[in-house]
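Only one structure is covered here, and it is reproduced in the block below.
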Amino acid sequence: MKMVLTIFLIIFSLFITFSQASVVDFCVADYTAPNGPAGYSCKSPAKVTVDDFVYSGLGAVGNTSNIIKAAVTPAFDAQFAGVNGLGISAARLDLAPGGVIPLHTHPGASELIVVVQGTICAGFVSSDNKVYIKTLKKGDVMVYPQGLLHFQLNGGGTQALAFVSFSSANPGLQILDFALFKSDFPTELITETTFLDAAQVKKLKGVLGGSG
Amino acid sequence: MKMVLTIFLIIFSLFITFSQASVVDFCVADYTAPNGPAGYSCKSPAKVTVDDFVYSGLGAVGNTSNIIKAAVTPAFDAQFAGVNGLGISAARLDLAPGGVIPLHTHPGASELIVVVQGTICAGFVSSDNKVYIKTLKKGDVMVYPQGLLHFQLNGGGTQALAFVSFSSANPGLQILDFALFKSDFPTELITETTFLDAAQVKKLKGVLGGSG
Amino acid sequence: MKMVLTIFLIIFSLFITFSQASVVDFCVADYTAPNGPAGYSCKSPAKVTVDDFVYSGLGAVGNTSNIIKAAVTPAFDAQFAGVNGLGISAARLDLAPGGVIPLHTHPGASELIVVVQGTICAGFVSSDNKVYIKTLKKGDVMVYPQGLLHFQLNGGGTQALAFVSFSSANPGLQILDFALFKSDFPTELITETTFLDAAQVKKLKGVLGGSG
Amino acid sequence: MKMVLTIFLIIFSLFITFSQASVVDFCVADYTAPNGPAGYSCKSPAKVTVDDFVYSGLGAVGNTSNIIKAAVTPAFDAQFAGVNGLGISAARLDLAPGGVIPLHTHPGASELIVVVQGTICAGFVSSDNKVYIKTLKKGDVMVYPQGLLHFQLNGGGTQALAFVSFSSANPGLQILDFALFKSDFPTELITETTFLDAAQVKKLKGVLGGSG
Amino acid sequence: MKMVLTIFLIIFSLFITFSQASVVDFCVADYTAPNGPAGYSCKSPAKVTVDDFVYSGLGAVGNTSNIIKAAVTPAFDAQFAGVNGLGISAARLDLAPGGVIPLHTHPGASELIVVVQGTICAGFVSSDNKVYIKTLKKGDVMVYPQGLLHFQLNGGGTQALAFVSFSSANPGLQILDFALFKSDFPTELITETTFLDAAQVKKLKGVLGGSG
Amino acid sequence: MKMVLTIFLIIFSLFITFSQASVVDFCVADYTAPNGPAGYSCKSPAKVTVDDFVYSGLGAVGNTSNIIKAAVTPAFDAQFAGVNGLGISAARLDLAPGGVIPLHTHPGASELIVVVQGTICAGFVSSDNKVYIKTLKKGDVMVYPQGLLHFQLNGGGTQALAFVSFSSANPGLQILDFALFKSDFPTELITETTFLDAAQVKKLKGVLGGSG
């Protein structure tokens, strides 16, 4: 009897702590509330379930029937509420033979790639214009330092699959060709700031749907 | 006369700065607005008073009439609005003779303990399974690196009192026994992931009120 | 025809990424939503325009017809919504001959000053009471480490102009004289905590409008 | 001729920038120099090669012929020099049927797991003693918030493989059983701080090789 | 026999992890190696003992036989090697009746004070020149936001004792009077940047030993 | 006499604090010691002078007699030792009429530009391929969020001058054209990852000196 009583005493004396501890444990994104520089607002811990911490969207093969023969399927905080505020996120890369993830950067994160099927030729360029390229085989891991231009390319004859993770819940993704040729970046300004020929710019805007 | 005028000029020319400067000075928690990964929303500076920066909840002796003969009284951001966003918080530890704060971690912060009354046997275990234990006397300070298992125990004959502070406004508190035996963690999974005997698990669940 | 189709496929397969990527690219301040320790809430990317990233308030000469013959015009997150969450902000300093930015600190940031017109005598004091003073000429850059007392003074015969930047979107600004003599800091407490004579305190409160 | 000259001018005028830019691009660990709170010292950029950014140690199946029928193969900054300072790292988990990664924490990081073969029963416990458990199938991703107790268990009939990543280059790994039973943690202190029976403690120390 | 063997297998398979995990657990200061922006270099984990995490220097009453009738005894990373890199530190404040810790700032940290004996009149000034003052009694906790001017004063008739902690391992300490009057800050520049009378400045320099 | 004595008492009682306080105040780069992820090692405070905090390298007009008719003169931590570890740095931009700073990113920082002479057409592209372009006049400030492609161009008839600052002591600088055409990035890989024509790539490599 006394034991039961004392149990209640502990539970009571520590309840105040537990009532808020979840705030620091995690902050599952509440997409209906405002977001700020650190991420989305937190869903009430009472409404959080295990499914908030599990994402199944990377289980399916991405659609590679497109011009790049590749697909990027993100599990960033906008798709995967559980990673909000935790400084990590993921994505799935599918590359058909000859497929390529065109030259791109993640403005807000470093990236780590793990090849789980096929082979992938991966590379990045540093600020001092050194190029670091390696063909990765199954099980190889490569890291791309934050914000640097990098690419992945399937030079092999079989479908390739890789999972990537990022040092931020929302790393961003700026694809060079899309920034230049799938935007309304005026052709004249592109030629002046890249030295590309206008004809080249117009040709790629035609393919990718850019204007200006 | 001219002096008075110039005063107004300064006040006016600098008013725009002051109208927002408090935002960075402090962000007293507004518990009625959404919270995010960095903490609670900020109460309007106009409504902030000195009492938002003072907490008296640690002044009273904690109730040690319980199974652990000890009490933890937190002054985290959920209790002490003024520490929100400032990267620091506190708690009071009361330990009756034989009292113990069971093995626990703070997932989000390092902890610093100062003994102000009695003696406390304190220790932590590092990732490489080294155990660091010392009996602290009045005035001694000990630090527990972030996220590591640690404990406090009053092996002396007199009541002990310590104040602890944390490198976060909300360090969290995961008490090992409560995580295992005061939760609905299935007994079978506990035995498989800790190698504890089922009988031991069931016995402690009986004491602490766990289910599963 | 097939090409056009594949374009749509890319656009679709990547749309989910782009729909949220802006969250990490920038978080333009929405002054109507709650703010938190990390800054203001983010305006919807759909409503963001280039004008959110441009601030023209530093283009006009500040009003130096005041007691300090100087003006500080801030472009902090409260004035310049585009810097919210980006860890940087700016201000314009105008100093007439003999003008001075009185001794002050920025509680939350380091400062970098660039002199673009005239000469400025600039200095700061470190925690070990060393004083670092230099007369900066046009084009000179000086850095003040975070939180330390510093000043700028125009000892030359011509108007001086400088632009400063900060390592925070909201560095704060605590001007020593205003904290002591333009506040309601009780004179008795000022004398006890600064060793200044009461007469000196009262004289400056008279000039700056302090009470208590 | 003039063109060649102007090229040299650009190269020269920008060389000073490039000579140090690598410092921020990356900081490949130099294990022979001192390390600090932020990680290892940086290897000279001139000595860095692509192989510093690629790690092949996760390509081989881990040895699961042990008591836990599982293996953890880390690619932290101590093994994978390229991730030093980048806020990310990885590990490979191999679990034979019935294999288990015992209850553990990563004191310094959140973890993201991707299942690439078999099924894994994964779970964690929050500070408020809620248990979040889910059986993950191939392609599922789960996140464990920083510092919380979690486990992985292969309840299926086939070998399971997962890759995990962390929000730190050195997340640490504290395995509960090893901290208690493979260390020199005195049995009496363990029983006092965990309420486990001495017999249980001694039994597991016997299995895992603990002393005290 | 087989059991013993398998134990060795675990120990071996996990040894590589443990050999470096301490790096993230803690980074005890090695005062003989270079220090950097994040703190001191790390002592080899093999040489670390529990005494690196315990500091007894705050156990003795500080010497208050001085002009301020008070003493500040720091346990920053320069005195307490164990807090290096952990984002927390401490200090002891002793105030005789009438004692005062003069107006000061900590450029790099927020501060939390706990009164353990006597009463202390504590206050700070915010960037918008609001003054927050309260007389703290035994057990009261107060927080001073980072970088703001604050003070502690013993207005009671008995010795006062407080322990303070900081949100940094090295918060710094800039005492206003010492910065102005115990330095070689030229009197003319002080008067120009503070509006204090030269006579006042010279008088306090005489007391505190300043030059210039 | 007694006064002099008490002065010594204060100086002594506080000396221990001051002996290390500079560590947090600043960490002037010591280029002869190892550097790490957080920056360069710190020069001994005893050897630091005001000249470590002042940089005059931005005072001279940059050499714009080159192919881009522009010059970038950095004051990053590698050139300006005083900013090491302070989270801020600067650069000077000179643009002759028609001059351009080609499309580039700063992988590790946000940038703030202030135009002090002439007009500059400035723009950046976000992750969702929106282009933000504005012609800045004297006194205008613009911010570029971290890691995004941006450019500056002098479309006016007169020399233009701007000072830029960054939210890091070493923001890095990756110029798109140099990464592609002044490196040894194999032409075939460039064409595959950018869809540029090989002829275009070879033409620009010829101009900029790239190989591969």
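Note that the chains are named A, B, C, D, E and F in the order they appear, and that numbering of residues resets to 1 at the start of each chain.
As a working rule, a contact is a pair of C-beta atoms (placed from the backbone, for glycine too) under 8 Å apart; a residue touches a chain by one contact, two chains touch by 3 or more.
Per UniProt, the chains are A, B, C, D, E, F = Germin-like protein.
Keep in mind it's a predicted model, so treat the numbers as computed, not measured.
*Asks:* Farthest chain from subunit A (Germin-like protein), comparing Cα centres?
*Replies:* E
*Asks:* Just how far, in Å, is the C-alpha centre of subunit E (Germin-like protein) from the one of subunit D (Germin-like protein)?
*Replies:* Centre-to-centre distance between subunit D (Germin-like protein) and subunit E (Germin-like protein): 34 Å.
*Asks:* Take the average of all CA coordinates in subunit A (Germin-like protein), do the same for subunit F (Germin-like protein), and state the distance between these two points in whole angstrom.
*Replies:* The computed centroid separation for subunit A (Germin-like protein) versus subunit F (Germin-like protein) comes out at 27 Å.
*Asks:* Multi-chain contacts only, two chains or more: what residues does subunit D (Germin-like protein) have there?
*Replies:* Only 17-19, 21, 24-25, 34-39, 86, 107-108, 123, 126-127, 129, 133, 145-146, 148, 172-174, 178, 182, 207 qualify.
*Asks:* Considering every pair of chains, which are in touch?
*Replies:* Contact pairs between chains: A-B, A-C, A-D, A-F, B-C, B-D, B-E, C-E, C-F, D-E, D-F, E-F.
*Asks:* Over in the complex, which subunit D (Germin-like protein) residues touch subunit F (Germin-like protein)? Could you list them?
*Replies:* The touching residues are 3, 6-7, 9-11, 13-14, 16-21, 23-25, 27, 30, 33-42, 84-86.
*Asks:* Which residues of subunit C (Germin-like protein) touch subunit F (Germin-like protein) once you look at their complex with the stated criterion?
*Replies:* 17-19, 21-22, 24-26, 45, 49-51, 53-56, 58-60, 75, 80, 82-83, 86-90, 92, 109-112, 114, 116, 123-124, 126-129, 132-134, 136-146, 148, 163, 165-167
*Asks:* So in the complex, the part of subunit F (Germin-like protein) that touches subunit A (Germin-like protein) is made up of which residues?
*Replies:* Of all residues in subunit F (Germin-like protein), those touching subunit A (Germin-like protein) are 100, 102-103, 105-108, 121, 123, 125-127, 129-131, 133, 145-149, 151, 153, 172-174, 176-180, 182-186, 189, 192-197, 200, 203-204, 207, 212.
*Asks:* If we count contacts the way the header does, which residues on subunit C (Germin-like protein) are in touch with subunit B (Germin-like protein) in the complex?
*Replies:* Residues 34-39, 62-63, 65-68, 71-72, 74, 76-79, 107-108, 168, 170-175, 178, 182, 207-209 of subunit C (Germin-like protein) touch subunit B (Germin-like protein) in their complex.
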